[in-house]
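What follows is a short report on a single structure.
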């Protein structure tokens, strides 16, 4: 992402004296770091716009198929366990909180807290995926509740129930991919935090990634009721 | 964006901590207070429980009192809570509330765009009934003009795989009387006018008629008057009929054959049971 | 500091405190061939990226053009199955005539399949690889920062990434084409795209190509929006921006907001094809029309990604060659935004024959809205021309050609937007002619106008004006010859995407094919012209046409690596010709007025005496 342009790599790896974030410079076509920060942040927001519109296709998929096959969706949704959805929602909300807190720590230069919050966010993301895979994807895989031609679930109640599973896997799959990318970014930042990369003068990547993480969270905020609660 | 004309502590009124002095003048560097973050997290978790609660209450009510709660209630409650939650995230976690307004504008237009996409498409889906009423089964089958008779998707998929029996659906209904009469009159009027056509157009007309006599389509134009089976093509989704390749034996030599022009993979019963549209009846335009 | 060679005595060309290590012309080679190649491959300079895009797009234009010519050759004669009667043996044999794609002497179908693939390839290349990136990624990349007085776009590395994504996307498309191509049509309509050649990777690869190219387009758009917002020169307010920038801004907004939808659409299409998830497949009670909604939600806005940059170019070209303040600057600027906004709510006009009547009616009504801002632009350009001191260079000829052709394209768009008329015209050659008048007659012609005007700026060499005009006339005549007959046969009912036709259409198809080769001749003339300009062209002065936007007034031809010797300060509007040039001055015959009190000197290099 564009946020990377804030960070000039290739500086001393080891002992950060002075810490890298203190020596931050700005790219030559910006007036100063502030200017660059402003631009980068707007870039991130535009990127988020594209993310939202990417997911809009999945919401459209949901709306259209639900409209065309309401019964199938009713049955399909009742096959999900809302408790896992609830737990995952809570996990993701809390990770959003730690992500926001990490930005704050970087802004205030609290290195210890920063590392902790980055780590917590990363772990919460992992927890989300683990819960998803272990308690949802895997049992559904075993039961044959798979999309399209792999659908072998015998106890269907509506002939079009497979549409539900197509949507379920597509929507949660694209979302989980985003979570995975987020986890990677947080792990990366966790490492870089140890190298002293982030501080009050240099935290665009922390903030940009947090914004991305929040959008992933918002998408889930909608997916949760849509998939688990609307009957 | 050349000037950030804001006083260093312009946001003090919102209870915002002062960020690092070097960046005090920028919108983008607001430090959101911990108190706000914690409160928002609490609110988010609260709303999450609320939405689950609402859904369960609805189910419980309808099961216990045997009332039917219309589905839109369920949808409206769940989605409104989701909207509130995401507004909270956007405003505080993503700090849009304190940020450069341009970014909020980006978010705003994104949502508008999304609303256009969903809204207009649903306008279409929601109003196809107007068409269904007329074309009923034809559309319900996805507009392909045949049913796959299986009940489950798996059965249908299997059936599709062996694309042997295709059940065409009648969709031609006789026109209402007044319309039929109107059509006849129009056609007559057209013919009356045609007599006054200028010379070059009349030759054109004659040529068209001449061609009409001898041209016969390659199986996917309607043969005039084949009624129910006169469908624009008989492609099956797995084996598309070649949609081009007019054949005109007359121009190429002698003889007039009905067989060679039909692509192998298409079976049009009409082809074999009706005389070739040579002779007196000019082929009529498709539909 | 290595002082920049500036040809005229400009007040601020003196050494100053900025220190740029190597600020020569951006085209200067860095050492040997390998070093130069590496330099270009890793450059983050917007100018170099723009030039790389320019040549890539021109190459793809050539490939797509070959496919188009093949289509036209096939259509020179209708395909016929001949039955030849042999009197000697008394037997008749069948054979195929009039088919250049014939696979065997008797099999019409096989040849027609090839035809389907070729026109699909033509459409895919021209839309996704040529017209969408044609102006923004090449001229836009090059000019946007220059016009804003910036050293680069906001995210130079993202810009380079966009270029590489474009390359990768093209590879996917070409590999699919080499493997035999697809016959889905450029629109990938289901069920063609989900069911042709089941299991074959070609279609997936082609769809993936469009998917990937979308990201390249998004990155360009994202970069431009931020650049316009954040990197304007000091003193350059929103309404001091050249109209080219306004057009690019509108384009970029559409790219950012619409392109993600095609991303998810194509992703779902791939899932449908691989897993049969059923969303678009009627056999699985999915909804094929839903695909059309998905597709056109992106693809209608994207036709404005194609035309807005064209309009942006025309605003500049007409202003400069009329040497007159643009008529209704704000109207033209805002109409760009209006077009961008409206483009999101009219996509249903592509579905008139497939969607429900209610939606069709709504979309038909909304479609007419687009005509308003488009017409505002056209009228304002004409207002600009009025009483201007018009100079008929190649660029100006192209701009005038644009006015003519785009008007035809836009007006026929209104025919098609009328629901009842479209039911007759849909999927006929009328539609084909319509979109070629707007895409080729609009965007490509505007691109040629811009390319000629900015060629000296980009490469520091003048081109040959006579050859340019010859090329223009060939292109203009060839274009109309190719596509005007298509309106006529479309109205008469000639359907699109067929390899054959009835004899009534023969004359139109033959005219059209002749026109296509005239077009080819025209573009070859331009090719020769540009090649000879690069090799032997006269050195271009910084401001050969007397323009007032920053790339003319403050940058060298070609610009230096860092664009400007110092950060430009805006002291006059982009079209204040009357303030800068004395009235009735002949280019080359006047000296600049003394600086106005309190204003910085406007550095207009003496326009070159173009008669030499």
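To keep things simple, chains are lettered A, B and C as they appear, and every chain counts its residues starting from 1.
In this section, a residue touches a chain if its C-beta (ideal position, glycine included) is under 8 Å from a C-beta of that chain, and two chains touch if they have at least 3 such contacts.
This is a predicted model, so every value here is computed, not measured.
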Category of the chain touch graph - line, ring, star, complete, other: complete
Chain occupying the middle, per Cα centroid: C
Chain pair showing more contacts of the two, A-C and A-B: A-B
Inter-centroid spacing, chain C versus chain B (mean Cα positions, whole Å): 28
Distance from the mean Cα position of chain C to that of chain A, given in whole angstrom: 36
CA centroid of chain A to CA centroid of chain B, Å: 31
Touching two or more other chains - residues of chain A: 35, 38, 42, 46, 49, 52-53, 56, 60, 64, 68, 149, 160, 162-163
Residue list for chain C, restricted to those that touch at least two other chains: 229-230, 257-258, 261, 276, 278, 284-287, 290, 293
Chain B residues counted as touching two or more neighbouring chains: 1, 102, 109-110, 113, 117, 121, 125, 153, 157
Of chain A, residues touching chain B in the complex: 34-35, 37-38, 41-42, 45-46, 48-49, 52-53, 56, 59-60, 63-64, 67-68, 70, 82, 86, 89-90, 93-94, 96-97, 99-101, 103-104, 107-109, 149, 151-152, 156, 159-160, 162-163, 200-201, 210-211, 214, 217-218, 221-222, 224-226, 229-231
Contact footprint of chain A on chain C as seen in their complex: 145, 150-158, 218, 221-223, 225-226, 229-231, 256-261, 263-265, 267-268, 271-272, 275-279, 284-287, 290, 293-294, 562
Complex contact set, residues of chain A against chain C: 2, 4-5, 27-30, 35, 38-40, 42-43, 46-47, 49-58, 60-61, 64-65, 68-69, 147-150, 160, 162-163, 166-167, 169-170, 174
Residue ranges of chain C touching chain B (in the complex, touch as defined): 78-85, 92, 94, 97, 108-109, 111-113, 115-116, 191-192, 194-196, 198, 229-230, 232, 234-235, 253, 257-258, 261, 276, 278, 281-290, 293, 297, 344-345, 347-348, 351, 354-359, 362-363, 493, 497-504
List of chain B residues in touch with chain C within their complex: 1-2, 102, 109-110, 113, 116-117, 120-121, 123-125, 127-131, 141-144, 148, 153, 156-157, 160, 204, 207-208, 211, 215, 237-238, 240, 242-249, 251-255, 257, 260-261, 263-264, 285
